[in-house]
Amino acid sequence: MKLAKARPYLMIAPAMAVIGVFSLYPVAYMLYLSFFKWNMMGPKIFIGLKNYGDMLSSTDFRQVLGNSLEYMLLSVVAAVSLSFLLALFLRKNTAVNRFLQASVFAPYVISFVSIAFIWSWFMDSDYGLLNYVLKLIGLPAVDWLNDPHVALKSLVIVSVWKGLGFDTLLFVSAFHTIPAYLYEAARLDKARPFAVFRKITLPMLSPTLFFIILTNIIASFKTFETISIMTQGGPLNSTDTLAYYIYQYGFKFFKIGYASAVGVALMLLVGIFTILYFLTLGRRVHYR
Amino acid sequence: MKTSGKAFSAIGRALVILAIAAIYIVPFYWMLLTSIKSQGDVLVFPPTFWVAQPRWENFGEALSAFPFLRYLLNSVIVSVAIILCQCLTVIPAAYAFARFSFKGQKALFAIALASMMIPAQLVFLPVFLMESRLGMINSYASLILPSATSAFGIFMLRQTFKQVPEEVIEAARLDKTSEFKIMIKIMLPIAKPTIATLALFTFISTWNDYFWPLVLTTDDRVRTLPLGVASLKMAENGIAYHTMMAGNLIIIIPILIVFLFAQRQVVKAFTYMGKK
Amino acid sequence: MKKRHAYTIATLLCLGCFGAGSIAADTEIQFWYAYTNRIQENNVNLTKKFNQTVGKEKGIHVTATYQGGYGELNQKLQAASIAGSAPEVAVVEIGSMGAFARNGVIAKLGDYARQDNVDLSDFQKGLMGNSYVDGDLYGLPYLRSTPILYMNLEVLKKAGLDPAGPKTWDELASYAKAIKDKTGFPGLEFASDIWLYEAFLLEAGTSVLSDDELSCNVNTQAARDAVRYWKALKESGIIKIVSGADVPKSIVDVVGQRCGMWFQSTGGLTSFMDVAKAHGFTIATAFMPKQQRYATPTGGCNLVIAGKKGDKKKADAAWEFIKWMTSTDQAVYSSGYTGYLPSRVSAGESASIKALYASRPQFKVAVDQLAYATKRPVNPAYAEASEIITSALDAVWINGQDIDTLFVDVEKKVNAILRE
């Protein structure tokens, strides 16, 4: 009897232990550290809310926050719309489509580090292929990674390029699960294409759409490799986002207290977005 | 009228296909090309699209720029160990959440789900400090333990387990089969595809992981391949794109080959996931 | 019978003890260094030589590992120190000595130096300033430098210019213009970085930080005008300034002979000479040109002991290595192999160095310039302050932002950081 009662707890124990030690405890510890001034080597000095004060009054932080939000918006909109369109285009199971799907998917299995290298070479302002092509068609060269107005968008391009295959494949699979009779019925009713989209396609795809938007939002906050390898937060902090900012202050300047405060901010941001998301769009997901 | 319309859409379609192919294949071709050029050939404008004399030494130079074999071994060890740990922690947990009802179940499951929102970039400082105090830094355990479970895996597998019809389990229970045997002989075989999918995803993300090894290792002992590739950037005598691309190619080719062969499996995995 | 056995056993035991003594495990220590090319070769060669000589004698084996540039090495050293895996010996860029010493990452060397009677006065006076922190000795000068002006003599000739080089900022500007007019390439190229900024401010008669290092001078008229001067030259197209992150690109321009002159550390001299030889041109060097005065910061690194505290054997081994690496013979070797300054007076006066200067005067420039050199700031907060200043320099020189508005902000931020 006793064993049967304890059994489920025992079964979830290893997983919950790992989660507790490596996700929950660090978050709590980080919250604790955010009230101190510490460089990991000397003594911890309690400074109350000073880190938060510094953070909120710092123009750099505000820029970083803005960058993160801009990055999230651009990457989610681009990734979702492009993958949807691509899936629409590739949904028939032909040999050409399968080949294209495979090529589009290939970057997903490759490390982001390698992708970042390929694109930093591609986007090199003096010797890169992109600028060469632009010059060929008579357009001016773009300073992809050195122009503060462009750099962030360049990084968005790279991450969308990498993740497109994953999202496209999910959409394609979802397309295949829409029962054909629904479209047949619509055709018989002489429904217009847009109405078909709104009343059949979109609702049927909504669980997948919901999932893809959510994963892209979360992924955008985690962006690190491209920044670390291609721009190091520059030029002029235009590509510094929250995750990289935390890394800089924690691991380069060793200002642990401040980095922890920023971490708390990031967590709140992700949490708020997730809750808002579930409350608004989540309600509109159509489950069968 | 109709034929010209069809021709238009055929041309349009062909153009889109070409565009997609260009966007996705050209970067790889460019990488390939750069990896066999000499530095002088690389840093020219306009760029050249063919190489008269391929410079194979680039590959040797890339391999000797960092301890390639050591890093390769470490990548294998860490990835395999993480997959095993995840199986050991995820399968029982998912089963428990799916087939039992116990106090606090909902709360605990919600906690597990919430942990999916907590990225490495948020918790690395405390984890680094914790592992430093335990003297764990630069050991395999330091890289394996933080990823020893997968909340996403628990979520997905729980779905799968929940879909096993109650009657089958009831019948087995009536036959007086032990709970353990039920799990092994009935549930696991049904869950095999999901587990395989999860293992595949874990392998891809662990093999390619850059961040955890970056912050948790201070020397070469347990460093993995992505860090090796990243180290190719360090060159003061002009940016060594040729060596960088050569090294990149060496890293990418194995996984691309695996992908080419496993393509069917991967697509199946996605179709499976799409069917949530 | 038994007696013979006894004798055999005894002999074997004696041989065993004798043998065991010489096959006792070596003390293994790690040595982290920065930079590649000639500097890397220098470090690797010297380490090998140590292992074969003093190392063999005293049972010490050193493994040298490359760790990137100074910035990367600093960051790795700090992280490793926290994680308990720091190397026993490392090079530390002189501007970071203060931070590491005060954080307990590196060990005091005073007792070791006294114990072994190391002649500290033999080290060049101008270099010792950054080896002491709060009055204690923390490092021995190893590869020390000043920035110098490099010139591609072939390009200068094409432009009809005197190979002795420009002496003042204005002369430099006219040289650069002549080169641009005659060849179409920028006359001068440099990377926007804190060290050159320090040099510019010193040459303009001021300095980046105040004497007590608790406030900065970046917003003074002199400082802003200095930045403005180079900005004007850049905007007229006769010089090229690249961002600090793009230093490799500026070197590509040198290699491709797409610039006539450049500012760089004297530590790159032999690497540049190799490149010049391979591409068919010759290099000359000169003082950093003066505006108000000749002045320059020093640069480069010290050797420090950084390993885990409490392991006396390894610390002693580390000291042996550091002592050997900075002794006169090795100082002579390093200087000749890389172009760095001879850190010891006795090295500078040695026959081989004198012969080197006679045949290749390019090596002598930095040494002569030492007379005008000052130490780099030691305030541990300077590292963070430098990032802010360099960011502003990039903004001004590369992205064209306004100097006066920007530096008011920079001054505020830097002062706040310095006083923390």
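Which chain is which? They are A, B and C, in the order written, and residues in each are numbered from 1.
The rule is simple: contacts are C-beta pairs under 8 Å (C-beta built on N, C-alpha and C of every residue); 3 or more make two chains touch, one makes a residue touch a chain.
Bear in mind that the values here come from a model prediction, so they are computed numbers and not experimental data.
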Heading the list of chain pairs by contact pairs is A-B
Farthest CA centroid from subunit B: chain C
Per the C-alpha centroid definition, the whole-Å distance linking subunit B and subunit C comes out as 41
Separation of the C-alpha centres, subunit A versus subunit B, in whole Å, is 16
Subunit B touches at least 2 other chains through residues 43, 129
Shared-interface residues of subunit C (touching two or more other chains) are 79, 82, 249
Listed in rising order, subunit A residues that touch 2 or more other chains are 40, 126, 251
Subunit B contacts subunit A in the complex at 16-17, 20-21, 23-28, 30-31, 34, 42-47, 88-90, 92-93, 95-97, 100, 102, 105, 108, 111-112, 115-127, 129-130, 145-146, 148-149, 151, 154, 179, 204, 207-211, 214-215, 225-226, 229-230, 232-233, 241, 244-245, 248, 251-252, 255-256, 258-260, 263, 266-267, 270-271, 273-276
Subunit B partner, complex, touching residues on subunit A are 5, 7-12, 14-16, 18-19, 21-27, 29-30, 33, 40, 86, 89, 96, 100-114, 117-119, 121-122, 124, 126-127, 129, 132, 135, 161, 169-170, 172-174, 176-177, 207-208, 211, 218, 221-222, 224-225, 228-229, 242-243, 246-247, 250-251, 256, 259-260, 263, 266-267, 270-271, 274
The answer for subunit C against subunit A in the complex is residues 75, 78-79, 81-82, 103-105, 243, 245-246, 249, 383-384, 391, 394-395, 398-399
Counting only contacts in the complex, subunit C reaches subunit B at residues 30, 35-37, 65-66, 68-69, 72, 76, 79-80, 82-85, 247-249, 251-252, 255-256, 271, 275
Residue set of subunit B touching subunit C in the complex reads 43, 128-129, 131-132, 135, 137-138, 218-220, 231, 234-239
